[in-house]
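Below: a set of structures, written as structure tokens.
In the two complexes that follow, chain A is the common piece, with chain B as its partner first and chain C second.
Up next is the complex of A and B:
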């Protein structure tokens, strides 16, 4: 009897997004260089700046860069949580708000006025933009664990390519990711 | 024949001690690292950070303020103690504004190094984001209270080593804060000198020498080379200018 060869294991689906971040974590992720070939043997990208898909589908892993600075960030984060089995806070901004959160001790209305109305060199009568398409800013920037449950955090600003690789290989192998000295960084 | 030094056991390893020494003093001399932030070899213990908690039987005690006794069986490692240390570190992070990527002390900071070693990957608790001042009035020393963990080391160093009274801890509970001993409350109006121990002893990036922030590049700093437990105790936070 000729048994059919076992089917290739299903690829894991991976989604990534940058909320209130600078895309530095994504750039560092791409820095895994040729290891990307090994990665795409094991995963299929869902919503991500790499695929340009706009909606997140059902995924095994979601990597979230950046914290929450506006209402759209919150909505996207909730969609990621609803669709991803394992959700990861990637980088300082997702983990503790990072650089954007350094506005948190200032009033948002004063900040907007300072930037859009009171700076030198603005056109006369300049206004704070209020197009309905623009997501409303939050009073304070929040790390993502304050809004949804997070399964893991991958610290760093950004996490190094080696940290990404260690983290993802552990996760894909079903192990709890362990970074250890040298890969564990807050800066 | 001189009698052998008395011993206690730290996770099963014998640690000799001199009469009157605390657990952390003897362990440090024996090259065994007990995590700590508010203790410094040159000063009486403060007992405030609780990072040095160890277990003796059913009791938990601060290793920096517990006298060594012959035959004690002291536990430092173990999942429950490790989890408790992570929680303490996470609380210190969320109580202040610790944005390590933009901190000049990153890589040479004891709080960061202890947290990395303890496996703290995130803050877990809600961030407080307190509104705290930065005092840049001193010509040579910056005071950034966003990163102060109230360890009191600068207070002790100023009073007991430098013979001055530049710093004090004021207030209570969550309102506790570091205060500067000048009529204006500004560091620039005190007699603090950059060479004072008080200006160098801070374990975190709250008291920083000016114009030297990146003299040692990120990635080549003290705790980039090895985890804090593998390094000898330092005398000062920062080398003298």
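Up next is the complex of A and C:
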């Protein structure tokens, strides 16, 4: 009796999400350029910019860009954590709130009034948007580790494409990711 | 009621359908529809649900930080914000724009222009190949599992490869001029901080001819798609709208880095020309509506109901008098001819216009690479300071600038106090200019496809296709790329669930 051929090695499943970020981290990930085609040989994208999947399935790796600025971000992050074995905080926003956290020394109600009622060129009678369809903004922008457990962080604003590549290559090979000199930066 | 289908007369009797969030756009947006008992659309709205408050937390920061900070508004078009802020702050350090006593050095202008055209190119390539092409190549009703760039890579490997490499080239232009592909530091108030290195010059020049050829191929692909189903491409999400963009002063040629504002009526006749961006407040007023964090701008003179307009590729290609590079101009003429002399207002025509601009940007980059000023010359202008410590006048200095970002006209406006700290910031980003036009397109598609019909994934995707055509970039106002789960719930007025459509992780629809 012939033995069945060994099953093809299962591809790793990778999901990505943007919370309160600028999408620059996702762009930097795409900056791996042609290496993208090599990556999709070994990694299957779950919900991500590269697929049209709508919900996070069970994933090996979840990359999170952006911090938490409203109630919806929190809900999406919790769902992500629940579905991903390894969760990675990618970029300054996810790690420490990043630039959006500059609003933390201001009161959210005053901030909203300043932008929607006190700018040049506004029509008379402008009110702060308050429809129930809009998720409630949080008082402060929070880094994601304050709400869920994270396994790794990939620093930078954004981390470079080479940093993404090194990180994923290590994970795919079953090694603990190590960003060597030059890949670890915070700008 | 100012806008048809914007507000329903008796929302309490209607059932609600939500597309939450709108996906394969980099923005946190959602669409809600209210349907009456016969399934007719009574209200349709695109809500922008994220608020960040950049305009306010920039206040109090030193002005020289601003060109670097504001890039974090959007990682897709950071250079547009970087340059718009630099241009506005040029005035604050006493440097004048076109003409004037203390102009920017030729090297700085050339470097900034190169950086900007690199930005337009990479964003247009991303938008067309990575985000929109799956809908166009596979169809709006194709399996969602396949509607993505990986699917394109499998079915059309050469298209996917060229898309990735066209985007890469734009990003490399940005790296070479800004120091970093995303959130670089190349431009500063009053000039730039580097010139183009010989190595980068050789690299970019070496690849330019091939990239121009690929860009021509991209235009041909967009045109072919259009010709394959002319009625669909012409009329899908069609909303007659005025067109606003910058054009080159004097001859009205396409110009994306610096120009004067021109507005055309929806029928193509000229409404206004040569308007200086310094007087944007005379021209534009913004309304706030309770259901979106994105404001609704319109021409002050015409008011909110008649004064809204469209910006971006579709507006620019039809608003300019001509395109000043030969290949893109030929492509523009073919676009105009295909519309038979009428103005194209269909959402999908935007993709064709976008690829014409990709080709234009690529041709401008190739021309700029022959500029000696890129590699030798002054970096910054020295000008007497206006106001500020040691300056010659009291009080605040003001800077206003505009630029054509990939998605449309972008306006930055700052005031800076004597202590060098920003005292005021007002931003009108491209997506905001398009807010009413996107809402109108959503309404046009909703009315056409939803009235009285059963909900399907394909129908819902059509609404998203219309939004994506304008702008995958709700990100300047907010963000998130990638498909999110779609949970559409229909409930009766008393809250009783009526119907529910779920798109699961594999993109399958269940009820």
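Keep this in mind: the second predicted complex is superposed on the first by the 185 of 187 C-alpha atoms of A that agree within 3 Å, B and C clash if a C-alpha of one lies under 4 Å from a C-alpha of the other, contacts with A are read in each partner's own complex, and residues count from 1 in each chain.
As a convention for this text, contacts are C-beta pairs under 8 Å (C-beta built on N, C-alpha and C of every residue); 3 or more make two chains touch, one makes a residue touch a chain.
Nothing here was measured: the structure is a model prediction, and the numbers come from that model.
Superimposing the complexes on chain A yields a three-chain arrangement in which chain B and chain C fit side by side. Residue contacts after overlaying the shared chain place A:36 against chain C, while chain B stays out of touching range.
In the superposed model, A:95 lies in contact with chain B only, and not with chain C. When the two complexes are overlaid on their common chain A, residue A:181 makes contact with chain B while staying clear of chain C. Comparing chain B with chain C, more residues of chain A are touched by C. In the superposed pair of complexes, A:115 makes contact with chain C only, with no contact to chain B. Legend: residue contacts after superposition of the two complexes on their common chain; A:56 is shown touching chain C, with no touch to chain B. Once both complexes are placed on a shared chain A, the shortest Cα to Cα gap between chain B and chain C comes to 6 Å.
The residues of chain A shared by its contacts with chain B and with chain C are 98-99, 102, 157, 187. Considering their complex, residues 18, 23-24, 26, 28, 30, 32, 45, 47, 49-53, 55-57, 69, 71-76, 78, 126, 130, 134, 144-151, 153, 160-161, 164-165, 167-168, 171, 180-183, 280-281, 284-293, 295, 304, 413, 424, 426, 475, 479-486, 503-507 of chain C touch chain A. Residues 89, 92, 95-99, 101-102, 104-105, 140, 142-143, 145-146, 150, 152-155, 157, 179, 181, 184-187 of chain A are the ones touching chain B in the complex. By the touch criterion stated above, chain B contacts chain A in their complex at residues 93-94, 97-103, 106-107, 112, 115-117, 119, 121-124, 126-127, 129-131, 218, 226-227.
Note for the complex: chain A touches chain C at residues 16-28, 30-31, 33-34, 36-37, 40, 45-57, 66, 69-70, 72, 76, 98-100, 102-103, 106, 111-112, 114-117, 119-123, 126-131, 133-135, 137, 157-158, 161, 187.
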